[in-house]
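Each chain carries a letter (A, B, C, D and E) given by its place in the written order, and its residues are counted from 1.
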Amino acid sequence: MTTETLPEQRASDSRAGVHLRNYFERVRGGELGALPAVFGLVVLCVIFSVLRPAFLSAINFANLFTQGAAVTVIAMGLVFVLLLGEIDLSAGFASGVCAAVLAVLLTLEGWPWYLAVLAAMLTGVLIGLALGSLVAKLGIPSFVVTLAAFLAFQGVVLLLVKNGTNISIQDGTILAIANNNVPPLLGWAGAIVGVAAYAVIQITQARRRTGRGLVADPMSVIGFRVAALAAVAGVAVYVLNLERSSNAAIVSLKGVPIVVPLIVLLLIIWTFVLRRTAYGRHIYAVGGNAEAARRAGINVDRIRISAFVICSFMASVGGIIAASRANSVDPNTGGSNVLLFAVGAAVIGGTSLFGGRGRALDAVLGGAVVAVIENGMGLMGYSAGVKFAVTGSVLLLAASVDALSRKRAATGGRR
Amino acid sequence: GGESGDTSAQSTDAASAAPAKAGKVGVILPDSKSSARWETADRKYLEEAFKAAGVEYDIQNAQGDKTQFQTIADQMITDGATVLMIVNLDSGTGKAVLDKAQSQGVATIDYDRLTLGGSASYYVSFDNTKVGTLQGEGLVKCLTDKKADKPIVAELNGSPTDNNATLFKNGYDGVLQPKYDSGEYVKGPDQSVPEWDNTQAGTIFEQMLTQEPKIAGVLAANDGLGNAAIAVLKKQKLNGKVPVTGQDATVQGLQNILAGDQCMTVYKAIKKEADAAAQLAVALAKGEKPAASGSVKDTESGRDVPSVLLDPQAIFFDSVKDVVADGFVSKEELCTGEFAAKCTEAGIG
Amino acid sequence: MSQGPILELRGINKSFGPVQVLHDVAFSAHAGEVTALVGDNGAGKSTLVKCVGGIHQIDSGEYFFEGRKVQVHGPRDAAELGVEIVYQDLALCDNLDIVQNMFLGRERRSGLVLDEAGMEEMAAKTLEGLSVRTVKSLRQHVSSLSGGQRQTVAIAKAVLWNSKVVILDEPTAALGVAQTAQVLELVRRLADNGLAVVLISHNMNDVFAVSDRIAALYLGRMAAQIKTSEVTHSQVVELITSGRSGELGLGNGNGATS
Amino acid sequence: MTTETLPEQRASDSRAGVHLRNYFERVRGGELGALPAVFGLVVLCVIFSVLRPAFLSAINFANLFTQGAAVTVIAMGLVFVLLLGEIDLSAGFASGVCAAVLAVLLTLEGWPWYLAVLAAMLTGVLIGLALGSLVAKLGIPSFVVTLAAFLAFQGVVLLLVKNGTNISIQDGTILAIANNNVPPLLGWAGAIVGVAAYAVIQITQARRRTGRGLVADPMSVIGFRVAALAAVAGVAVYVLNLERSSNAAIVSLKGVPIVVPLIVLLLIIWTFVLRRTAYGRHIYAVGGNAEAARRAGINVDRIRISAFVICSFMASVGGIIAASRANSVDPNTGGSNVLLFAVGAAVIGGTSLFGGRGRALDAVLGGAVVAVIENGMGLMGYSAGVKFAVTGSVLLLAASVDALSRKRAATGGRR
Amino acid sequence: MSQGPILELRGINKSFGPVQVLHDVAFSAHAGEVTALVGDNGAGKSTLVKCVGGIHQIDSGEYFFEGRKVQVHGPRDAAELGVEIVYQDLALCDNLDIVQNMFLGRERRSGLVLDEAGMEEMAAKTLEGLSVRTVKSLRQHVSSLSGGQRQTVAIAKAVLWNSKVVILDEPTAALGVAQTAQVLELVRRLADNGLAVVLISHNMNDVFAVSDRIAALYLGRMAAQIKTSEVTHSQVVELITSGRSGELGLGNGNGATS
């Protein structure tokens, strides 16, 4: 079997049985992909549901998404910087600065929401340009550049919101982002369209490959994947469409929170960029071996700068979500643990701090772990000290599940 | 924001939805680092009061993180709280939480900090500007006692991101600014301490003293900052010669007062505040509509919020015993070792 | 010379800090010919090649391409001129697979999207021509390849493109018997197609088998650049090890070209 | 010249002229060592002295040391972890935990100071053991492990100091560490002994090498180095021995602050360990290429664990210094920016986050940069927002001086 | 066989995930002899060597050393047995200098302190014997060395120690003419001193010049292990490329040893 030569092998192997067997071999061989993070997530959810049945309620499920949205979005941007082996310590406060710009323009200057959002995003892009240029052109380590920015932005937020007060946001559109829901029917429609599109893309791709005589996933495997996606999406939409208001008479609360399609959209876009475009390929190349990338004619400086731009742009989106959720912006927006949680989310999801390994999905999975921990701990009712200590331990637990499952599966040779 | 009548109507609804037992009270404290009071005093007194009333409760701390603050609020409502009592981190998040609670038919109380533009049914607090005023007046008293002539006053403010720190500053600047303007006092360095961090406060004050060695009075916004300033003054043996203020009547602050290193602190009878708030919460949880003693005008929405307001008290050497008598600190923890003699001197015990 | 050289370097100097590695080196490569660059370990062959490829900036000297004087500031400049190089330290991205490495920096697309199937097909065809038989899948990360397999990927990457000059820095060092033969044949074929090929090798048999000219570096100086037909095996070895061989090589003055 | 073969070269080159020329060539060639960091430091000092003459006073010079001591000591420990390409986000709060242990035992339990100090240090060692084992044995990324620890320790400090109270420290010995000074005469004696010892070591080493026929530094160069050290030490001791009390009648304030010999001692010990012992060599090897180190028979896991132990141990020392300086321990001890500043100090000094490059001296140089910035900014009297923004910019300025001088000197080939 | 092998492997299997690289491989090396291990690119030579060195854990099979069955769980175990290996991917620490790399893991000390001068002296002596002439300083980081210089350092590192088995994975791939000759001479000398030497090489001339036995791997299976004197050049090439040559090699059953 394994001694087959290249040409022989190409068109063979297309039966599902072989494919599945190969899949399990690969899993045993250490190529685990998203499995350990998902497994860790499941363990956490089981623990919390046992300890606090409220964890499993529909309202809590909806809360989970809005609670984790900002960190997840920031983490998604950080993945780009981490893929290069760089770090952006300022992403948290960059989101704060952008949120503050939004709030100032919206509430104090009275701009319409779309212009204010545009300005906030532009701020993010400019921040990224500045950081990226300093790192790429001057060659200052990104840790130092972004540490300086971390301090400076903290000051900028303070100055923007005038020393410690906070600016309320009244604009309905902005408030809707983190607080409103998609109408139930639209939720179903979205899920169905999404799953169908996925199926179509998968099938045409496989067709095209077999047409060229290349190895492709067999239809049965594709069918399995589509079914799995449909099941997950269906259950999620169903639960989120349940009534979750505790007095439904006065206010009805149902539907998929608006942040969910937002995150899914961002996930699709960045996954597409990373996996299907030359630009994404170059990001991985620079992260894996910057010298090899340079020799291949890739403009390494430009890739570096662009990654910081994406990161800060996503931070601005995260800042807007945070502002919407808080109905206001204050000097702490984007502060405290936001940055560490965002980097932690990416790393827990499987992104390497050394560059070259990571996916947009990592941010979502890791963000989910962080959100579940925060959410679950919020139900436990511990005092401040105990809560910190337990949160740390739970995070460690989730990470060990991941590490141990990887270790069990890894073969001797590589780590 | 809605009117209070509306809110209480909803809370009765919620109570009638679960008629078998009294509702559950959720309390969100702001942090554990800006001040020791939240975890050491408020939590304790509130727990005692709720236990005594036989009401279910859940007290959590947001650790100064407003994302967590909202998460906790969500979780409490998820968990079936019918009364929510919050110490907001800022008015924006506070308002978001209160509005969400209201829409879920949960009754709300602003505890210690008023949420501007919010929809809380009640407000229980000390007057934070008053706290600052007491600090300013205390420093003036101490400087007068020392017969200081045109003293240079340094101000060590609380966290720049904490709105209460701004209120305190408004209070003491209200007292000090006229004196600066009249030339009676000289305005010295004036800096904020990020996150009320005592270590940073030490460095900041050391640099103030380097830049302006003749500082003759320090307005420190709480006891921790005061202690940081005192540690620096000690190196130059200036402790006791330069009066330092504080807040919170911590054991450390009171000991510093006994030792003569600190001139005053502000004591907020937290038990009274907690009891008043707990009383309201218990009543709401039982579906009653309690009456409040007074009201405060929300400057943002113009609404009159039914309120219970308590008075802070300035503590000097002679009045340290009041704090002990109140049971806020025990004689055992205060009068350790070398402080035993001082305690006797101050008439404690 | 029958025809002007397509690539010509004159008076190249290159130092790393206090260490001067190349001294006033002259070098040329002609279209349709295989030029072998030989020299002892540490003679400066790879450094010279990296200067040609724009990896290192030269300290001084002139760089002519097709008779025009050019400035090469980076690998992109070299690639634009049409110079393709297989470096000795292969420079592959371990976290990418074989196809991805082969098309790195010059991905084929249809619209915005990468044309994965097309690239895979082309890669398979090229690799087949180099008689690699043990690669299990083209979607394998290069980190899991054997030494010879890695080298084959690097060679395949360089010959995929339409270039004018191909430089191979010890391309057969890790290759097996059959693969080496294939690569030498490929080298000859490229030259016959009108490209200028530069081959660095320590194997004199290979050098004599395919090259038209030999350039010998000795301790960072160009000892001689001569027609292969005009020298013997042992003369070249002498040039490599001592910098001179009878008339040829470094005299009292500096390097002499034929 | 450069074509010399190995045997010829060995005993030659011993003239000072050649040596100096080589030194300058090396500097031009990019081997800058400590120069850029020192240069950045000088630029900062000049700026601050011009803006605020008080910056140059004797008292401020002494303050600088005590203000920067804790961060510098923690950074020195972090260098070990960074050398392996790992990170310890929990070092700040680990110092807090150790300080809290110290304060509780000292003030609440009434232990004698030496036992309390020992217990605090032991706590540090145990923390390091736990972190290191999780990283090395379970293979969880150190970012995640120490992020969990960062949260957990925050809780532990809170619990230890009973939810947010301050614990005062009254013990004279502990308070002396950060607040008292070495008697002036002893300061002179120490400086002289130190310089003499340095000279003796350098000379015997050179002798031994020439005895074996190896290239050694010529005596003139050694003389230059010793003279430079003597000058620096002499000026420092002289200035620190000036009277700096603002009311000298009541209290005399002069002498080298006790933290200075403490830091010098730690610097010497860790420099010795890193440069002169097999253990230190192995740290560099694991950081440079863990697989090569493993193949060379080095016990990589043990090296990893030990680096975390050293890091947490140094954090405990830093915690003790911080407690001494603040006269008390509170839940913020070791918190806020301590960790970022410590890592930043190491990186600014020249330590790489990717492992394999760094020295104990980096922590001291970088720590000095951070301390000068904090100290100088404290004299400027800015409002909070402006202060943050300017601090960030100044940090960036210091880093760019460093980066630009490196870049100017670097040759084309390497970065 | 005249004398029991010092190193013997039986029935070794090794897979990476779904890919089985070694199939039931038997291999032995005798004291005082040079055993050449040959095979095509990707045949599994380096993998076999890494299994011997404890870098990879074997999936199944037996490992005998001096007749005793042993368990090798890591490089330390192999080193303790007295097995010294030069790996194909040299495994040097780029951030250390030449001397530091050569003594890595086995530093000489006087007391606690490293004996730098002593190590430098020993390193210089060993390198001289390998005729490296272009290394400027032993205190140079290995990252700045040329390909051949790096390889020389790796070889020098392995022969510094008193070991019983020395395995060299393509040691001369990057070496120049003179250096290659030196290394082959060294290989012979080591064997004559009673060590078991295993040499992996694609160069048949070198193999026939120094080896006593030849082991040929074909697609992860041991095709044959034979005396060098009993086969010809072309037979070995046939074994490498097709796994069999007349009587020899893989038949219907599995690998046959002489």
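Note that in this section a residue touches a chain if its C-beta (ideal position, glycine included) is under 8 Å from a C-beta of that chain, and two chains touch if they have at least 3 such contacts.
Bear in mind the structure is a predicted one, so any value in this text is a computation, not a measurement.
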Count of contact steps on the shortest path from chain A to chain B: 1
Labels of chains that are neighbours to chain C and to chain D: A, E
Of D-E and B-D, whichever chain pair has more C-beta contact pairs: B-D
Mean-CA-position distance for chain E and chain C (Å): 29
Distance between the centres, which are taken as Cα means, of chain D and chain B, whole angstrom: 39
Euclidean distance of C-alpha centroids - chain B vs chain E, Å: 74
Centre-to-centre distance between chain C and chain A (centres being mean Cα positions), rounded to whole Å: 44
Multi-partner residues of chain D (at least 2 other chains): 2, 158, 163-164, 383-385, 387-388
In chain B, residues with contacts to at least two other chains: 32, 38-39, 43, 160
Where chain E touches two or more other chains at once, by residue number: 16, 19, 55, 132-136, 219
Chain C to chain E touching residues, read off their complex: 16, 19, 39-43, 46-47, 88-89, 132-136, 144-149, 152, 170, 173-180, 202-204, 219, 237, 240-241
Chain E - residues contacting chain D, complex: 53, 55, 74-76, 79, 85, 87, 91-96, 100, 104-107, 109, 112-114, 117-118, 120-121, 124, 127-128, 132-138
Residues of chain A that touch chain D when the two form their complex: 85, 87, 89, 134, 138-141, 143-145, 147-159, 163, 337, 340, 343-344, 347-348, 352-354, 383-393, 395-396, 399-400, 402-404, 406-407, 415
Touching residues (chain side chain A, partner chain B) in the complex: 52, 54, 57, 59-60, 63, 66-67, 70, 158, 163-169, 179, 245-247, 250-251, 322, 325-333, 335-338, 374-375, 378-379, 381-385, 387-388
Chain B to chain D touching residues, read off their complex: 32-33, 35-40, 43, 160, 189-192, 194-200, 202-204, 206-211, 213-214, 223-224, 227-228, 230-231, 234-238, 250-252, 255, 337-338
